[in-house]
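Naming follows writing order (A, B, C and D), and every chain is counted from residue 1.
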């Protein structure tokens, strides 16, 4: 069988901005979406205002707008990263138990999370490096991992040291089991699952090259 | 019973006993009951277990309570922040215990405590270190972990406006844990920026009915800086 | 030991109105109170407006006012018995899960319920006569039975046929176990409990006479 | 996904399948989605399981659905009312099944269904026929019964006002089961008396956020009689 996977080996890996735009393209119009703290937040900049996508922040709001600046800063209105944000028409506020009931109950269409590691069967590790000196802090990570119909990961495929972050089994403490639907990285897009990893597209490398570097089987 | 209106924050937190479990509202600085915490520091209760989302920012609020050495244990979801140096030092010195709970489980355990639920099965944390040693159960093909309620002897929360019956409304995402904690403590103390007559707050918009609020006190709104909010 | 129980044997048993007034006197100022469907509703007429007592109705309201009449009738505003009522200043509305969380969580100070039977140890039977032909219907009875710091019962002490309703053990299906704190009846006020029934006062009969008619030991 | 606004109640209830579980809002007549139920009768789905507080009054609403022979089973807290003759006859004739659930347990089981809770321990009903055969557990010296979630394929609810994003506010005690049911069904259909632009409803006062609402339809408010309300 010939591959239908777009292999864009001759272009460089995606920048963070390109990756954010790539993910934004896959979020259906009209979705309710939670963008995790850190890099996933940048996806918001690439969502079409016409798409009617509503952003959730787990500290109790739907209809979150862009970050607030200048006089618009209101310390009673922040996102989950404690960054001041704004409110869009049609927003709604609710308390923490209601907000996490919404997540746990599977009402969000999409959430996008950062990750330290994702396993070939979709386990997620994104809250703790396992360093015994680290002070443990989970926040809403575990709730988000079960908290949407589709849990997407946005991460670099390799650490600065070159270690793979898409792994046969997570070595870091888990955030959630078999919860990741799709992994968007600078080098490619992957779908983990019970039958192993399917590769959907690559950037700056061929499927064969990634298979070698990751040491993980990649289905087309 | 009827909500009482305290003249001062000191009166509002009077009687908190050593060894109490204190639920403290807020998510970062938003909704943090600064004035009540300052009063609690003056009041002097020690050996406290504090339940809150974070473990204090900078030198104010919860961080000040921790720094004063009044806290034996913190139950929270996210102690580690860029300026949580007070907690970090105490923790590394072994001078404060820590129980980390996923944020939604923290909220739901207090909700259960306030709602008379003896325990509940949550899908959150299954297969992770935070569920280690906890009972699990398969229900309809999915694995859940059994979680038990959290209740407090006292809750300290911050709301926006109250009427004299103790009905509360909040402001934006400063609502966060306040309404849940108000249901889950034996004595609930709320600081608000304004206290109005009954009938002023539209009954359709009340978030925390007065039945949950034991003591009210008025405190000036603080103008926090962007930096304060971001930390 | 001499009895300090007021025995008002020479006056007639309390009328429903007198009984409602008697219960009203025992409800502390500032209490949050749920008055069950039927006769307990009449207690409201005897509460002092100055006492700051706030009425709860389990279909989602605190601060319920008197029954509505004429133009004040609003079919969106009823009590648990589906009777149109009014709203007092300082009222609050909430949904059913919140309303019953409030009850189950023990936040109400007092609720007053009718009863078919109360046992000497405080079991309550008030939802089903056990008649196999009856269509079972529990409503909020079982929630109310565990739903207040103090669960009081308002009932006649005997059925029309003369059968005692304060009984060694309920023969009707239970609503709640050992949940009744105090039983207010036309013939007297009683406190059931693990050590049996304590009688607090009598009307139209002596303690000894009631002990005989009930066939139940009564402590003074 | 985005809330859609249906032009007619028929469009709003399109696609309900035979054998569905339908959550129906209302407490007596207050909050009953009459127009959606009428449309469901026209739509024709049968063999339904209906979850609602009551089992219909007079000949309208749920009673009409029952009378049309579309309901296999009713899960409710209080089927028996002075004018619940339609249900009474069907039940006595053995033509409808009945599961009686304490009212707060009914609400909490749907709340659990909507909140991703696999089960919970309730003190309500312990030692009564309604807990017979259910698992119990002692927690901190008190006995609880294990209750499981209820979810619907469809929820039909009535609210007061909506914005075009599906954010809902209710009116007085007509709120009752609506907000809970809206969290607990795969498809949630709300009838409202008015649909306004986003930004018209104060975000602090939204009771059911639009995320829970799949379809909206405008229906005229009915002026019910006192007698209707009392029954």
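Observations on the model:
To be clear about the criterion, a contact is a pair of C-beta atoms (placed from the backbone, for glycine too) under 8 Å apart; a residue touches a chain by one contact, two chains touch by 3 or more.
It should be emphasised that the depicted structure is a prediction, and the values quoted were computed from it without experimental measurement.
Counting C-beta pairs in contact across B-C and across A-B gives the higher total for A-B.
Taking each chain's centre as the average of its CA atoms, subunit B and subunit C sit 35 Å apart.
Averaged Cα coordinates give subunit A a centre that lies 55 Å from the centre of subunit C. Centre-to-centre separation of subunit C and subunit D, using mean CA positions: 29 Å.
For subunit B, residues touching at least two other chains, in rising order: 108, 111, 115-117, 122-123, 170-172, 204, 207. Across the assembly, subunit C contributes 61, 87, 93-94, 101, 103-104, 146 as residues in contact with two or more other chains. Here the touching chains pair up as A-B, A-D, B-C, B-D, C-D. Residues of subunit A touching subunit B in their complex: 57-61, 73-79, 82-84, 87, 93-97, 99-101, 103-104, 123, 128, 134-143, 145-147, 173-177.
Those residues of subunit C lying in contact with subunit B across their complex are 28-32, 52, 54, 56, 61-63, 87-94, 101-109, 146.
Interface residues of subunit B facing subunit D in the complex, by the touch rule stated above, are 108, 112, 115-123, 137, 139-140, 142, 144, 148, 169-172, 202, 204-205, 207.
By the touch criterion given at the top, residues 27-31, 53, 77-81, 87-88, 91-92, 98, 100-105, 107-108, 110-111, 122-130, 170-180, 207, 223-226, 228-231 of subunit D touch subunit C in their complex.
Put simply, subunit D touches subunit A in their complex at residues 1-2, 111, 113-117, 163-165, 167, 183, 197-199, 201, 203-204, 206, 209-212.
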